[in-house]
Amino acid sequence: METIRVVVWGENVHEQENEIVRSIYPRGMHTVIAEGLETNPGFTVGTATLQEPEHGLSENRLAETDVLIWWGHKAHGEVADEIVDRVQKRVLEGMGLIALHSAHYSKIFKRLMGTTCSLTWREAGEKERVWVCNPGHPIAAGIDRYFEVEQSEMYGEPFAIPPAEEQVFISWYEGGEVFRSGCCWRRGAGKIFYFGPGHETYPIYYDKMVQRVIANAVRWAKPEGLWIDSCPQIPAHEAPEKIEVKGPRLHKDTDEGYR
Amino acid sequence: METIRVVVWGENVHEQENEIVRSIYPRGMHTVIAEGLETNPGFTVGTATLQEPEHGLSENRLAETDVLIWWGHKAHGEVADEIVDRVQKRVLEGMGLIALHSAHYSKIFKRLMGTTCSLTWREAGEKERVWVCNPGHPIAAGIDRYFEVEQSEMYGEPFAIPPAEEQVFISWYEGGEVFRSGCCWRRGAGKIFYFGPGHETYPIYYDKMVQRVIANAVRWAKPEGLWIDSCPQIPAHEAPEKIEVKGPRLHKDTDEGYR
Amino acid sequence: METIRVVVWGENVHEQENEIVRSIYPRGMHTVIAEGLETNPGFTVGTATLQEPEHGLSENRLAETDVLIWWGHKAHGEVADEIVDRVQKRVLEGMGLIALHSAHYSKIFKRLMGTTCSLTWREAGEKERVWVCNPGHPIAAGIDRYFEVEQSEMYGEPFAIPPAEEQVFISWYEGGEVFRSGCCWRRGAGKIFYFGPGHETYPIYYDKMVQRVIANAVRWAKPEGLWIDSCPQIPAHEAPEKIEVKGPRLHKDTDEGYR
Amino acid sequence: METIRVVVWGENVHEQENEIVRSIYPRGMHTVIAEGLETNPGFTVGTATLQEPEHGLSENRLAETDVLIWWGHKAHGEVADEIVDRVQKRVLEGMGLIALHSAHYSKIFKRLMGTTCSLTWREAGEKERVWVCNPGHPIAAGIDRYFEVEQSEMYGEPFAIPPAEEQVFISWYEGGEVFRSGCCWRRGAGKIFYFGPGHETYPIYYDKMVQRVIANAVRWAKPEGLWIDSCPQIPAHEAPEKIEVKGPRLHKDTDEGYR
């Protein structure tokens, strides 16, 4: 069986600082998310956190990661830009990325979307009902028409994202809002999935349906190809058709382009 | 008649430093692009350059701009990040953006796309034939099946962009390559058009067909709405449906969210 | 001021056969929809119904129509295929199409989408809250964060459509469902908008917000270009580059292709 | 290893009627396409033709097909509408469809696209160079920057399709045209790939690169989920939230909707 190498990245701040969050996730949210994935045959799962050197995301680590799961909230600003650059590069090369809940505002998600990724929100422990928009989509496999998260933070429209290429889930909230809670995009050779549920003051990542969605998303997001792009010059003598250079030039045949 | 306020932003470096470019565009490329637009009824056209304070793009100036045209090449790295942030914000609010030729590698275009925006290239003065993919598209208005640029820099596939939402043009090159040379996207309330032709060592922006495309793109990209987004909290007592707060909370009703 | 020529097409069956519907729309639903539009400056509005010759949609009538609004429910099967072909052709040429409510199952909407366009539904007079997903979108102009339809038929996910190119509205229902109730697509040179509200046993088309959305959609969907496509042969002597015919052929230079 | 069940559908008319085509494909084009696929581990490959009962596409056969490949040209009009309905239904359920060359004008491809699918064309045996737009895409696996088809029919822009969701290939022609020759869409639970090369008067399906693309497309298009859609009524007593029926109704709880 094919192996999928998953890394669950956790900000790991509220678990240390906040009593409520610590009581729910004493070993960190990333640990619970990772344990939920480990039960899936063929998954090799590790974790990484903000506090580790290079946030646990060295070049080597990323090179050996098929799908990266990202949870952050309070400390988005503390993630080093160099690591964001590195993760973006690896996604464009082919690594899958799953952005969870408050990662809508993570540097890496905003970087890949190109938009503000803002939304409306309310922390009232209300019920969220997650509806399947395309029952044939692999990320909805094994999910009935909907599933419910008994206590959830409301995330509502407008959600400032580029149009989703595939709409997998939309959520209904007790308080009256709706939200595009499961969205797919492709960027370069990489696949990106955003999934809404996961506020840290509720035990959402222990939920079997939530775990199933994340596992499905890992399978969907695994690399299907690799692209290391480079913006190469193709000088005239290497053109597929025979041509002569005409007119003035800024560049020699061996130049790299401006960046 | 409705007025469209256009600003043509030019890097204005090669025109100063390079004999060839200066001889073709003695008053700067931005001036020629602007003059091409001024002949259109209803357009109010100004220019801005890298060398001006705030690169000529103050908050006030942008607030009064409907469509911004961007040409840069050698000095992408000298554009201040603060100005890039500002332009991105204004595009998401509704301002149109037209990225020309080497602006594929500008900070603002890469920011809005979320990808590397790399391509292949060759500076050989070869012929480029620009094909219309959708003759009913407003950016192709008044263009026959194709038009030709007699001397052009080749820009070729792979072009590392998100899928174009509308493909208006694809180019054929004498040397054997192809390129998605006219692409549309929407981000937030703003429209973005990328247009390939425009290398500075050839007199491309004097070409009537090229001028027509840019004018069409201005009309297409003009704002159709405005969105100032903010990520507001909607506390329980303001929810559309009556709800009681349940469970623990991190935030008070008046908090802003983490960023 | 530019004039937009609108035709409101109504099936006009339940208004004749059903007491409830007749009491709400004694002169037909199409009449009420048309009267709601007539208050907009620059709109020229007419109606057409199933019962008229050619369903009121002759070649000439369509050629002079900028935006066609379609309401049908009980008698989708009675719409002649020839008229569906004609409307599809005209949309691809550039005419806008607005499909209302039960028109999700009209022949013309299914034809243009290529999918089943099925959904889930419930006729319980429950509240529908229509949320704006992109406040900068022209179809949402003048709409606050949401508006409510006090009594509505529930239309719910999964909605079997191709991915919406722009998601303008998503609806929340009292009974617990959600629905992509405002969706945009482009096909050929034409724009298509689907809008959910409009069950005939409730007075929905008298609602000012609903009327505003339809009027906004008319402005958005008006033609921006024209494309009469034809699949022409371009024989070798008309190729942009000089070529000689090589190898065997099925076709003479003057043939039309197979269809 | 997972098995993918492929059926290659061939019109099989020109092979019978035309000397040139028969000399190149004496056992039919479908046979050659199928033999090219059979060399791939895990593929189970069969064929079907226009002349067989139900065109070789019975309900049972389709139910056991993962990916259907379609080649037709002269006899599109002879394909029974009932079979087109059946294939469309099966694609929306999850079966992959690969439309080859002149299948751009097949009933099934036009049905799924909703557009005319017209293009420009020329039968001059000219060279076609197929460029990779996304080297990380699985359909481009094992293909270098481009490959060439020495003698090809020119298919050129404008190609009247909905925007491709993923652009895998664009072709360059000796005579000066370009064409979106590799396009992906998703409809329902099914994936659709259009691939340009394949005119019957040249031995294109013997080409190793062409065979590789088709095999890659089969792997990409294999079902990832299943959706049998049905447009069910969800009566008030089955709503997720408790509601009472309010207002008048057209339907009883057990009714099916109008179609």
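Think of it as A, B, C and D in the order they're written, each chain with its own count starting at 1.
The working rule: contacts are C-beta pairs under 8 Å (C-beta built on N, C-alpha and C of every residue); 3 or more make two chains touch, one makes a residue touch a chain.
Model, not experiment: these values are computed from the prediction.
With centres computed as the average of Cα coordinates, no chain lies farther from chain A than C. Interface chain A/chain C: over half of the residue numbers present appear on both copies, so the contact uses mostly the same residues.
Centre-to-centre, using mean CA coordinates, chain A is 35 Å away from chain C. Spacing of chain C relative to chain D, judged by their CA centroids, is 27 angstrom. Among the residues of chain C, those touching two or more other chains are numbered 129, 134-135, 156, 158, 163, 165-166, 172, 176-177, 186, 188, 227, 229, 240. Contacts from chain D toward chain A in the complex involve residues 93-94, 129, 134-138, 140-141, 146, 148, 165-166, 172, 186, 188-190, 220, 224-227, 229, 240. Residues 14, 18, 20-21, 73-77, 88, 92, 102, 105, 111-116, 118-126, 151, 154, 156, 158, 160, 162-163, 165, 174-177, 185-188, 200-202, 227, 229-236, 239-241, 243-251, 257-259 of chain C are the ones touching chain D in the complex. Against chain B, the residues of chain D that register as touching in their complex are 120, 129, 131-135, 145, 156-159, 163-167, 170-173, 176-178, 180.
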